[in-house]
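Next come two complexes built around subunit A: one with subunit B, the other with subunit C.
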Partner chain A sequence: MSDAPLVNLTINGRLIRARAGQTVMEAATAEGIHIHSLCHHPELKPEGSCRLCLVDIEKQRTLQPACTFPVAEGLVIQTENPKITAARRFALQMIFSERSHYCMYCPRSGTAESTDCELQRLGYKYGLANWEYTPHYGKDWPVDATRKYFIMDHSRCILCRRCVRACNQIAANHTLGVGMRGARTMIVADDDVPFGQSSCVSCGTCLQVCPTGALFDRHSAYCGHDKDVVQTQAACLGCSVGCGIQAVTRDNQLLRVEGDWEAGNRGLLCSIGRFEVVEPKPPRITQPLIRREWQLVEATWDEALAHVAARLREAERVAGLASPRLPNESLAAFACFFQEVLGSNDVALLYGENPPDDLGRTATLRDVADSDCVIVIGGDPCSNQKVIGALIKRAFDNGARLIVVNDRPTELDAYACVRLELEDISHAVESPFERLRHTYHLRVSGVAQLKQAVAAAQRPVVLYGSGLSTTVYAGLRVLPDKARFVPLIEGTNTAGAARLGLRAQPVHGDALYILLGDDMVNGHVLPQRQFTVVQAAYRSALTEAADVVLPARIWAEQKGHVVNMEGRTLEVRPLLDAPNSIQSDWETILRLGGLMGSALSFDAISEMSLAV
Partner chain B sequence: MPVAVGKPTFAVRRFEGVCRILEEHGYQPSRLIPILQAVQEEYRYLPTEVLTYVATALNLPPARVFGVASFYAHFALAPKGKYVIRLCDGTACHVKRSIPILDALRSRLGLSEQQKTTPDMLFTVETVSCLGACGLAPVLVINDEVHGQMTPERAVALVDAIITKEAQQ
Partner chain C sequence: MARFEPVLLRNVGVEGSRTLRVYESRGGYAAARKALTTMSPEEVTEITKKSGLRGRGGAGFPTGMKWSFLPKDRTITYLCVNFDESEPGTFNNRYLVDHDPHQLLEGILIAGYATRATTAYIYIRVEFHETFHILQRALDEAYAAGLFGRNIFGTDYSLECYIHRGAGAYVCGEETGLIESLEGKRGWPRIKPPFPAIEGAFRKPTVVNNVETLACLVHIIERGPEWFSSIGTPGSAGPKLYQVSGPVNRPGCFEAPLGLTCRELIFGDDFARGMAGGRKVKGVIPGGLSVGILTADELDCKLDFDDPKKYGLLGLGTAAAIVIGDDADIRHVLLNTCRFYAMESCGQCTQCREGTGWMYRIARRIAEGAGRSADLDLLVEQTFSMGMMPGLSICGLPDGAVYPIRTIIQKYRAEFERHIAQQASSRTVEVIKERVPSAYELPILGQRPAQVTWPTAASSGA
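Let's turn to the complex of A and B:
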């Protein structure tokens, strides 16, 4: 596209240049010329169904939709004139009369300045004060509230099909479609089942692109217009993909999370990153707790820290466990504390496996989506790194070949053109002749098949999981240079932790210090110790079994950095203020270090985390 | 052992008729409409399970197949009666007073806009936009038989004749 020839055209008397293949809308937007639109969304393929973007093009018999009309040499275009205004008003009148746009009940509705509804905004703009056509008002348009996180009110749907395109083109989930025809047209899921019973995976992409209040979020509805809220660009800490998000906050509350169109995930999020983050959580720990006579009772920070310092000093050996969900800064302080203050190296991650990262040539999220040959070895991105799973399906939709190598069935098997087992690619480095004596001919050819597939592709991407045998990794190292790699890392910041020397392994000390943050690791059974201190944001089985509990910040209150699966360092921005008196992990650890007679300094920690 | 997988594999329910039709059309997604036509020949309508089956067999999203099946008036998503009466309500038939005929048929059979098929599955009454026989307006078609220049009385008489015939059998 970028080397397509340039063409010259005139928009509103201004001479502009555009690339052949662009639409009039794209060319105008690139020049800062705004053309009204409704069904158009820059991240979706244009469909031209609403007729709001009509423009006047010289030598064209009728007005043409800018969102689908391709630029050509010498076009002379007007984006506003009385004829266009009349056509747009007509289109708006038709849309408003089609369904029950009972705006006063809609969460998006507002004044001309405050409305978040793209349709209502155009209604104000074009002065629609009454219906010129008999409205289908009061007809029973259904409301489908069967989805857990968001609702569809068909009476507000303008059939722009943005949701359908988002589900197909961005989420690659193909749940949504258009059923019936004419005035009875409806947005449907699968074969017209309620949304909550459909193949929808609650990624919420359709919700994010809907221009009206037809799709609306349960959690944030009626909580404020866009002008009342703060939007902050940040990263999701739900898994090692580290998707770009726009966090929507107001009055120190997280209202909603949207996908960042600019980031590698291109607006896409999974249900964890978009919805589960705002779901109700267990009770927050706001005060330090000390176990007294079987019960955890509230204590002051000084009391609790002095108690912890004394008990840690008494212990023979202190072990540490940290959640890989924590930023580098917390993990560095923790590691420093063990090294410098306790002189112990019995410190590890609670969980989280980091596959070897010396394969080099890391692929980005964009590379995955744009790949023409995706090889997935071990791991299960559709369950554990869901956005990656969706990007792979998107590549598949665009014609990529998919090869899955796994011993367990995964969702991606259905898309694979070749399905191998790990054993099939475990003999790359051995001489094929020797192997032939012991095993099937096919086993040896596994790596050969991968090599061939990589060689035949333009942009091959290999995603590999953790915990595979060294021979499998050896097999990956012999793939042609063209291949780019993505490690499917378990745990959000496991990569950052690894750079600090922290990995998941058993620890042995008789006292245990657990740095949990807001991680929920219920189901984790830890052996009973002499003394256990847990630094956590929420009450959980782990805190209930602890001797001392220290409050911690949640992800949205932290400041720092994490390293994602692409090996990129992402900034963790504080989106919310922590409740009074809850310090960041490193502050708590520094204070504890001070009490234990060490001069652990902020500088040492920041140096260490910067080195990551 | 490597397993080559061509298409998504799904739990397969046996629909022999559909299988044969899909086979005849070489499982070509581009032949969706002829496939649905043939399926409707076979079952007289398009049951939801069959639509889902066709979608998975052609590797198409169910929403797309449903979209096509529900778009065309020719396709029926609900079972139809043994006698399908299609009354033309195109412009010519409409001005030649097709609606009174519709009202008469509906009141004779106890049907309405919502309920198009009699509970005994004998009759379905529906309107179509044009049968292309405007010269005979108003027209109705019972299965494949065309009846022109209809009046409410003649239409009801046709229905009565069928009922009598059916009762004798």
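Let's turn to the complex of A and C:
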């Protein structure tokens, strides 16, 4: 696109330049000229159906939709004039007459300045103070509240179909579609089943693009307009993809999470990143707890830390387990503490698999979505790195070939044009007969098939999971240089942890220090030790079994860095203020180190984490 | 006027006219053979242009010109035959194929050759079960005789032809709706540009032509473009299948040169032979519902591509006259019209989806005896705000909706007013109460405040 020739056109008397192939809407937006629209969304393919972006183009017989009209040399365009205003008012009148827009009950509704509803905003702008076309309350439009996280009120739907396009083009999930015809047209899921029973994976992309109050989420509805809230760019810590998010907060509460359109995930999130983060959590731990007479009772920080220091000193050998969800800074402090203070190397990650080998030539998230040949070896991105799963499906929708190599069935099998077992690619060395086999259309070896696929593609991407054998790696190393790699890492910051020497492995000490943060690891059972201290944000089975519990910050209160699967270091920004009594992990560890007579310094830790 | 020798219908009534044997014995496939073996595709296109043939599907676009929009450097071209025929009152395509399926197939061969199409798809309306089987049998026969497939007539031209049964929507007759439906998707018209000639079926250059248009080609090749353009009126060349339905003595499909008057069509001995049961004509919808209505005083309108426009109509349409007797209530004519478009709007564009639905509900209220004369004004005004003409929609369906609605109200305004004046005044409130139990008290209902004092977009700037 960028090397397309430039064309000159005039919009509202202003001479501007645009690239051939752009639409009038794109050219105008780039110049800061706003053209109203309801169905257009910059991230979705234009559809030209709401008919609000009409502009007047000289020498065109009729008004034309800016969102689909291609620019051309010498166009003279007006974006506002009485004819356009009349057409827009008519369209708006029609929309308001169709379903029941009782704005006063709608979570998006506001004043001309504060409304978050794009329809209502246009209503104000074009002076729709009355109904010229009597609304027909004849039909009861249903409200579908069968989905766990968000609700659809059909009476506020304007059939712009942004949600349908988002579900198809961004989430590549193909749940939403349109049913019926004419004024009875409805947004439907699958074969018109309730949303809750449909193939919807609750990624919430449809919710994010809806211009009206038709789709609204249970958690943040009625909690404030855009002007009341703070939006912060941050990274999701749900898994190793590290999707870009816009966190929406108000009064030190996390209201909602939206996908960041600018980031590699291009606005897409999964249900964990978007919805589960704001779901109700177990009770927060705000005070240190010490077990006294079988009971965990509240204690002061000094008491608790002194107690921990004494018991750790007594122990023969102290083991450490850290959650891979924690930022580099916490993990570095933890690793330092074990090395310098306890002189122990019995420290590991609490769960997860060690990251796969780094094969270099790392691809980015964008490369995955834009690839024309995706090879997935091991792993299960549709369950463990859901956004990656969606990006692969998106590439598939755009015509990419998909090859899946796995010993277990995965969701991606249905999309694969070639399905192999790991065994098939465990022979890196091509037999001399390979070419003969090929000539006679015999079954060629797995590696040869991968090589062919990579060679035939322009932007091949290989995603590979943990636990692959060395022979498989050998097979991957012989793929042509064009191939770019993405390791499918389990656990959010496993990559960062690995760089600090923390890996998933068994530990042995008679005392145990668990750095848990806000991780939820219900169901984890650890063997009983002499002494266990857990540093955690929420109560869980682990804290209930501990001898001492130290409070910790949650992800949204932390400051630091994590390393994602692309190998990029992402900044973790504090979105919320932590309760006064709760320090960050490294502060707690430093204090503990001090009590145990060591000169652990902040500088040493930050040096270590910066090295990551 | 001398009796017109039928051209398109020349095989109708002949024993076994559906079979290849009879069709060939009456000169069938000679035109296709002539075109394929003695002419270049460009020559066929040139002859078609010269004949003055305009599309019979409704829009009347010059057929040769449509073909010449295909990009020169194309490799794959598709020909789609528009046999969706869902315009109310229209049945010429079905009549033609029922009696003479090979004529269509021969036309497809010629058009396919002229456009260098590799594949032809006949998109047939799903409700035409019988016709589908007739056509399929004819196609099988033609394939067996080597008239389709590889190297037709020994030339290096090859054409595959498939019959695709539609999915039952009016809007699938719109050419891009047809293409989407053919691709297996919801029949939603596409935004243009790109036009089908550039990016049509399966994103390849495509020509969409009506059944009757293609049938005409056979005769243009057979008898020459000069012969064809000598028939009809200036700008409207060739024979045309006219159809008449309604309370006439002989409803049916008749062939005549373009430019037949509406009066002739209804009262002519060769045509419908006058009104049945002593009725008088109240009005005629002369070209399929979408063109609008002619009153009893306007029957001298010539049914060609241009004359109907002088009477406020959209055009010739499909030349299917729906005759309305004087015993019909004009309110029901309006209601039926509005209901059709409300049911058939595909639901993509705001104005069409809501506009047609809104019009239907108002028409229903009027028909139920609760109309108001302000509704009529609003309806007429609305007809100017909808459709492709002002640029408010993706396809021409709302244009087809506004012409009949506007002309019915404008031309029969007095009758509407009479009904409204006579209806029980309490009826308005009753009907609204029935339909909208909670809203009938709203003060603004249907009445437009004289002036809205809100800063308008124009005054507040962009």
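Everything that follows uses one rule, which is that the second predicted complex is superposed on the first by the 591 of 612 C-alpha atoms of A that agree within 3 Å, B and C clash if a C-alpha of one lies under 4 Å from a C-alpha of the other, contacts with A are read in each partner's own complex, and residues count from 1 in each chain.
One rule holds for everything that comes next: a contact is a pair of C-beta atoms (placed from the backbone, for glycine too) under 8 Å apart; a residue touches a chain by one contact, two chains touch by 3 or more.
None of the values given here were measured: they were computed from a predicted structure.
Bringing the complexes onto one copy of subunit A puts subunit B in a clash with subunit C.
Legend: residue contacts after superposition of the two complexes on their common chain; A:234 is shown touching neither subunit B nor subunit C. Once the two complexes are laid over each other on the shared chain, residue contacts for A:414 go to subunit B alone; subunit C is not touched.
When the two complexes are overlaid, the chain among subunit B and subunit C that reaches more residues of subunit A is C. Judged by the touch definition given at the top, the superposed model places A:33 against subunit C, while subunit B stays out of reach.
By the document's definition of touching, of the two partners only subunit B reaches A:190; subunit C does not. Of the two partner chains placed around the shared chain by superposition, neither subunit B nor subunit C is touched by A:171.
After overlaying the two complexes on the shared chain, residue contacts for A:47 are found with subunit C alone; subunit B is out of touch.
Contacts of A:125 after superposition on the shared chain: subunit C is touched, whereas subunit B is not.
In the superposed model, A:181 makes contact with both subunit B and subunit C. The superposed model built on chain A shows that, among 44-52, 116-124 or 332-340, the segment of subunit C colliding with subunit B is 332-340. The interface of subunit A with subunit B overlaps its interface with subunit C at residues 177-178, 180-181. Within the complex, the subunit C residues that touch subunit A are 169, 171, 186, 191, 193, 342-351, 353-358, 360-361, 378, 382, 385, 388-394, 435-436, 438-439, 444-446, 448-449, 452-458, 460-462. Contact residues of subunit A toward subunit B in the complex are 164, 168, 174-181, 188-192, 199, 413-421, 424, 440, 442, 446, 449.
Contact residues on subunit B toward subunit A in their complex (touch as defined above): 1-6, 8-9, 48, 51-52, 55, 61-67, 70-72.
By the touch criterion given at the top, residues 12, 33-34, 47-52, 54, 60, 62-65, 68, 70, 79-82, 85-88, 90-91, 94-95, 97-98, 125-138, 158-159, 177-178, 180-185 of subunit A touch subunit C in their complex.
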